[in-house]
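Several structures are given next for inspection.
Below are two complexes that have chain A in common, paired first with chain B and then with chain C.
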Partner chain A sequence: MRPISLRLHERPITQVLFNREGDLLFVAAKDKLVSLWYTTSGERIGSYQCGGVVYSIDVSQDSKFLITASADARAKVWDVQSGRELDSTDFEVSARSIEFSQGDKQILVVTDQVMGCQAKIHVFNFDKDEVRKLSLSYTLPSPQCKITQATWGPLNKTIFASCEDGAVRIYCTEKRELIKTILDHNKLVTRIEWTKHRIMFMTCSKDGTAKLYDTKTLKLLRTFDTGRPINAAGISPTKPHVILGGGQSAESVTTTKVDASQFKVRFFHIVYGEELGGLIGHIGPVHSISFTPDGKTFATGGEEGLVQVNHLDESYFEFDDDLIYNPPVQH
Partner chain B sequence: MTSTTMDNRVPIEKTSEVIVKNEKGEEVKVIKRYQEYQITVKRNRKVDERKKWEKFGECKNKTGLENTAYGDEQFLILARGAEVKEEEKDVVRCRICKKNHFTTKCPYKDALELTTQPQKSEKEEKPASNKYIAPNLRGGYTGSAPSGSDVPSIMVSNLSQNATEKDLHELFGQFGPVSRVSIPKSIEGLSKGFAYVTYNHLDSAEKALKQLNGHRYDYLVLSLEFAKKKSLN
Partner chain C sequence: MTIFDSDEELVTTLSDFEPPVQIDSSFSKFIVVDNIPVAPEAKHEKLKSILVKIYSNRPGAEVVGIHLALDAQRNTKGFAFIEYSKKESAIDAATSLNNYPLDKSHTLKVNLLDDFSKFANFDESYKPPTREEFKPKPNYNQWLSDSKALKGYDQFVTRYGEYTDICWNEMYVGKPMVEKSSVSLTSSYVQWSNTGSYLVTFHPDGIALYGGKDWIQVNLFEHRGVQLVDFSPEDKYLITFAPIASDNPNAPKSIVVWDVRSGKKLRSFMAPPKEHFTWPAFHWSAKDKFIARIEQEKGIHIYETPSMNLLEDKIYEVKGIKDFSWSPTDLSLAYFVPANDPLPAKICLVEMPSKKLLAEKSIWGATDARFHWQNEGAYLCVKTDKVIAGKTKKEKIPTTSFELFRTHEPNVPIESFEIQYAIKAFSWEPRGKRICIIHGEFKMNMFVSFLEVQKSSVKLVSKLENRKLNTIFWSPRGTLVLLANLGDTGELEFYNTQDCESYGTQEHLQCTGVDWNPSGRYVTTFVSHWKVQTDTGFNIWSFNGDLVYSVLKDRFFQFNWRPRPKFMLTNKEINQIKQNIKKYQEKFDKQDEDDNKAIQHIEQTRLDNLMKEFLSFLQKGEQEYQALEPTRKQLGSYEDIDTNDVYESVETIEELIDIKTIVLKK
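Moving on, here comes the complex of A and B:
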């Protein structure tokens, strides 16, 4: 396996994202730039210049629209192919997280809790065929603490928000109110990652653990303890593996012991919860991990601005083959 | 994205007949037999369309590969059941129980300190007078020579460089309990070719001197003598 290194961004990577087919890779970074690459060759197609630090991006299912949330308090809609800006919405404070709903008809935007403003989740309607403009539908009640990420639940019936106080708050989109709070983590929850079809989800936290839950019952299924802050997780869509990335945060590097091995991305078995191995490559904390939908490639983005695209070898797919969850065969 | 499948693994036999003129001008029929495999490649039309996209923004009229680097070959080794151990040994080591935590946080601290403390206090009681005593003469510090015993050390010279302290313990232990073996070493960590051995009793020292002087050890002949006592003042 020869990882492809993309060294364009000069500041920390905030998100790496594949489109639905996995042939395009979007990279958002704190240098106010979102770049677009071909996954197979590592060739850059273009970039989208935002006005502030880009915290979060998402791409529509048909790979035509890119949405960005940035620190210049704007959420923007871009045309992927031409790099043109289609629409922009202003907020009072910086936008932290953005995501298309399933079906691309709505967009949620999370705004920060700063300057006396409460953290809020705004839901916009988006008509991708004709108007291509954002129109505010509703705003959910604030949880009174900073939200790091919000994501749509199955069938867009719920919105899951990961919060700074270690809670995962679940909102009902119909009643537009808080319906459930999961309080398992002690520290900030950095990310919520879905498995394929959103049957399970995984929360990553600064307290050094990642937890896997069943979406329907919200039962805690598995805890992965790494002993260091976890910023990102990638769940393989084809193999029973989880990749966890993280490491000491940049501000505490000078005050604590750091070696390069703590920034490696680590493979865990999703059923047994044991560590399988790791890959060393980054020299700073890993901020984002993403798998292609075919499970053959994954990308990681780190604090040092490096993005690595790993096309997994044949030998990886031969490993553990008896444990793939195949649907039961009926005779 | 794209997937290749061998749709029909059974080859289709085909023949072609061509009539060619050979060197003599005769007409010859050449029959070629060959096998044909049918391969179906599934491609995503949208992905293929996207591959033809023109570059935009900063990347216009560029190859797009300016910031791309192909890294060295990496091997992802996955193993189940094998614990992946952290390389964090010897960073913090407890002075009391030699385990991986700070000395102040040692759980055996109280238990082990009780056994060592009475010895310490005895030593401290000795210099009771107000007179200045040089640091090397104070009770706590014994220096290189063992204190409290009149048994002189034996200097072993012409010693092989391969001999370790454990070897000498074995060799000299035959004649009585050995209290100390030291092999002076150079900066490179090599033995200087001699050693000091101290016995608990004078008898065993004399016995060893008699027996081992001229003893063949490794490939050298040892020579033993009583070490001159260090004059401390």
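Moving on, here comes the complex of A and C:
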């Protein structure tokens, strides 16, 4: 099936995100705009005007609240339905990453390491029923290098942060300190992506590899070597597949002849590590990939401002067996 | 406690610094003089003075004491002890003042006093010398008899990131089969030796050679700051180069020649000044016999192996010499002397070490020349550049012509031919008679000409036009050639010179290098991080231009096929094999099929195991996840309610039931 191209944003897409039901698609971009679309039709519902380049967004489980982290050093809470701004909090520097905890009671915000400020992870309390305001709970110690993304671990017991020095740092939210550093990549880690139920996680890096770990033991299960910088990964919740996207950033591509295959998103078998195929469509590096929770649709957002929504064909679902999460009960 | 607490402490501390005085209790300063005349007491003083005179007659020797051995009658016993002020004087006296003729019947013998005790205590029982255990050196060509090599597969080395991998190219696997992968093996790059026996790695303090079955370190050549290595054609010797700013002419350290097997340093040389530096600094003759380097205008320094002495102890004088080149197979060399008004330029072919002139050609006005030997030494093609005066005096037209020497034919016939336009690349077909030349005036619009040496002339066989190509890579077995546009857009053209047809064109964007497999069946194109930073990696193509597989690696540096030693079969034997190719093909096809099946089976079980392992992790994780449902409920997570949700898909259907027309107002 032909992908649906969503053309609205004029600047690079920073994040594409589905809500929990997978019927709404949120798109954040550097043109200071967050847009909202229907997944099935690609029809635009509306957009949210932010004061700065939007780096990161997240949506609550009930799809009522949208939170945004932007370059104007603000984290904001929006009412999804009305588009009203409910609250805003200021930082000294740009906010890089934002995420709801499981249960939506807390929000983490990552701030950048610039202008003499250390990169920090701030955790806010958020009461969605009554106050609807952000109140700072605590700040984690800085790793002394830029954090590209931070995400809550299983049951909010930990926070995983991907860092510029190639490390993934794990913080304990109870003791509020660093408990583990995984240093397997030799260049910046761009993103951490969870598999369904946070059983495993995948790290993407500029060094051209993506690595899959077991969350509990932190054992490295698989390395996917693509040879090109990886910015984003989408892990299918049903099939043993992972989509990797990225490509050389525009300034490092020296030849005038642009190789379209450079920016294709590539499907890998999550178990065998083999490349299965790819989709061409973007003409710039891909910055974000997201699957719907039912695994039937995925969206990609690129440097050129294009968002593509791919509804996977029937033939795709016949191609490989589903992953078996629950082994058949032995009689 | 500090040293200067008190005077007393200072003294005790100082004594700690000074080494204790050693008392010399040995008799090393003494010598024993034998055979002195037997003399009564009255003559003792005279005898002493004579002996002192004799034994202090050496530079620096100072006799400090003399003692004559006496018997009961106080006559001398015939020997005396002499003490020197220094141990060195005693040793000197024992060697240089021994056997001093005092008179006809007395020849004085000198021995070190220490020697007496040494020889008196000598153990006289025979001890058989211990036999040193013979350690066989590993067989460096072992890999050639590896079961994979016997099936016709080749090895290659790749370097990316911190890794150096040695791999087999089992093509049907579709990816490199890594035999050995190592981290930080070398500090700069790796290099194969000429016959493929060794792999060289570079380190700040020297180079190391690896080889044999388990890739053990064979030898270490210590040469600080080494950057370049050049092996002799048969791998017996190697030359290393390290750039050294101010080298000592008495003990040069820039260029060192080594014996590969023993690891011995044979000789070191000064490097020429930077502006004249070329690599290889020395040119190897065939059979590893000589190395030679040019001294501009004067002649050629030829050194013999393994003594590394200058041949006949003098430079091989050639006035005005500009360039020279050894034949790859025979002990002969060709040199070029540019035109020097009124003399014409000269190209000479000389046999070494007899210096017999084999052929000579004079060319008017030639200013520069390049030597191109066919790899079996049968032909030598010399490209000469000259400037011809045009119609007006100031107009000068640069032209290029070729001189072909048929070196293996009697009397070495020479012929010349010309090619239009500027020559971009020139290359001989290995083991063949064809020449490929890329020429033209514009980068985007080049000609590729194929010439063949025939019985009496050189004939143009075929010509390609309007090509965007700049480099020629012949298959090591001849006939096939890969033409490439390197360092640019990476166009590739696979060409068969036998049938004069192009197999097709391909492209490897930004391709920086090409390497043919020694069998000539595959060819690799690669993009190295040294030159290009995006999309580095390599592609392996079949000889006719089909992509076998491609590998992309971040920070990919180099790809090199392992060279194979020279053919041991004669042309006749090769032809015999070619005639019976059907018989062999059947055998190999069957073998390939069996291997294929076996590998597929192994691959399938590997994948099954991977899946099993993965699922065990997944299912264990899922089980734990399920168990934590109450905790999630506490957190207020919706994750679990989805499974209990009942979805109802609602579809709005619009159907036209009836149309009524109502008149509202008249």
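Odds and ends about this structure:
As a convention for this text, the second predicted complex is superposed on the first by the 321 of 331 C-alpha atoms of A that agree within 3 Å, B and C clash if a C-alpha of one lies under 4 Å from a C-alpha of the other, contacts with A are read in each partner's own complex, and residues count from 1 in each chain.
Throughout what follows, a contact is a pair of C-beta atoms (placed from the backbone, for glycine too) under 8 Å apart; a residue touches a chain by one contact, two chains touch by 3 or more.
Owing to the predicted nature of the structure, the values given are computational and were not obtained by experimental measurement.
Superposition note: with chain A as the common reference, chain B and chain C are in steric clash. In the superposition on chain A, A:L155 makes contact with chain C only, while chain B stays out of contact range.
In the superposed model, A:K216 lies in contact with chain C only, and not with chain B.
Residue contacts after overlaying the shared chain place A:Y272 against chain B and chain C alike.
By the document's definition of touching, of the two partners only chain C reaches A:D207; chain B does not.
Of the two partner chains placed by the overlay, only chain C lies in contact with A:T226; chain B stays clear of it. By the touch criterion defined above, A:P141 reaches neither chain B nor chain C. Overlap of the chain B and chain C contact sets on chain A: residues 62, 257, 259, 272. On the side of chain C, the complex with chain A involves touching residues 161, 489, 509-510, 532-537, 551-554, 556, 607, 610-611, 614-615, 617-619, 621-622, 624-625, 628, 631-632, 635-639, 642.
Across the complex, chain C is touched by residues 20, 61-62, 101-105, 154-156, 186-187, 197-200, 207-209, 214-216, 221, 225-229, 240, 248, 252-255, 257, 259, 262, 270-272, 293, 323-327 of chain A.
For chain B in complex with chain A, the residues that touch the partner chain are 1, 44, 46-47, 50-51, 53, 55-60, 62-81, 83-84, 86-88, 91. Interface residues of chain A facing chain B in the complex, by the touch rule stated above, are 1-8, 21-24, 38, 41-49, 62-63, 81-83, 257, 259, 261, 266-267, 269, 272, 274-279, 281, 294, 308, 310, 312-313, 316, 319-320.
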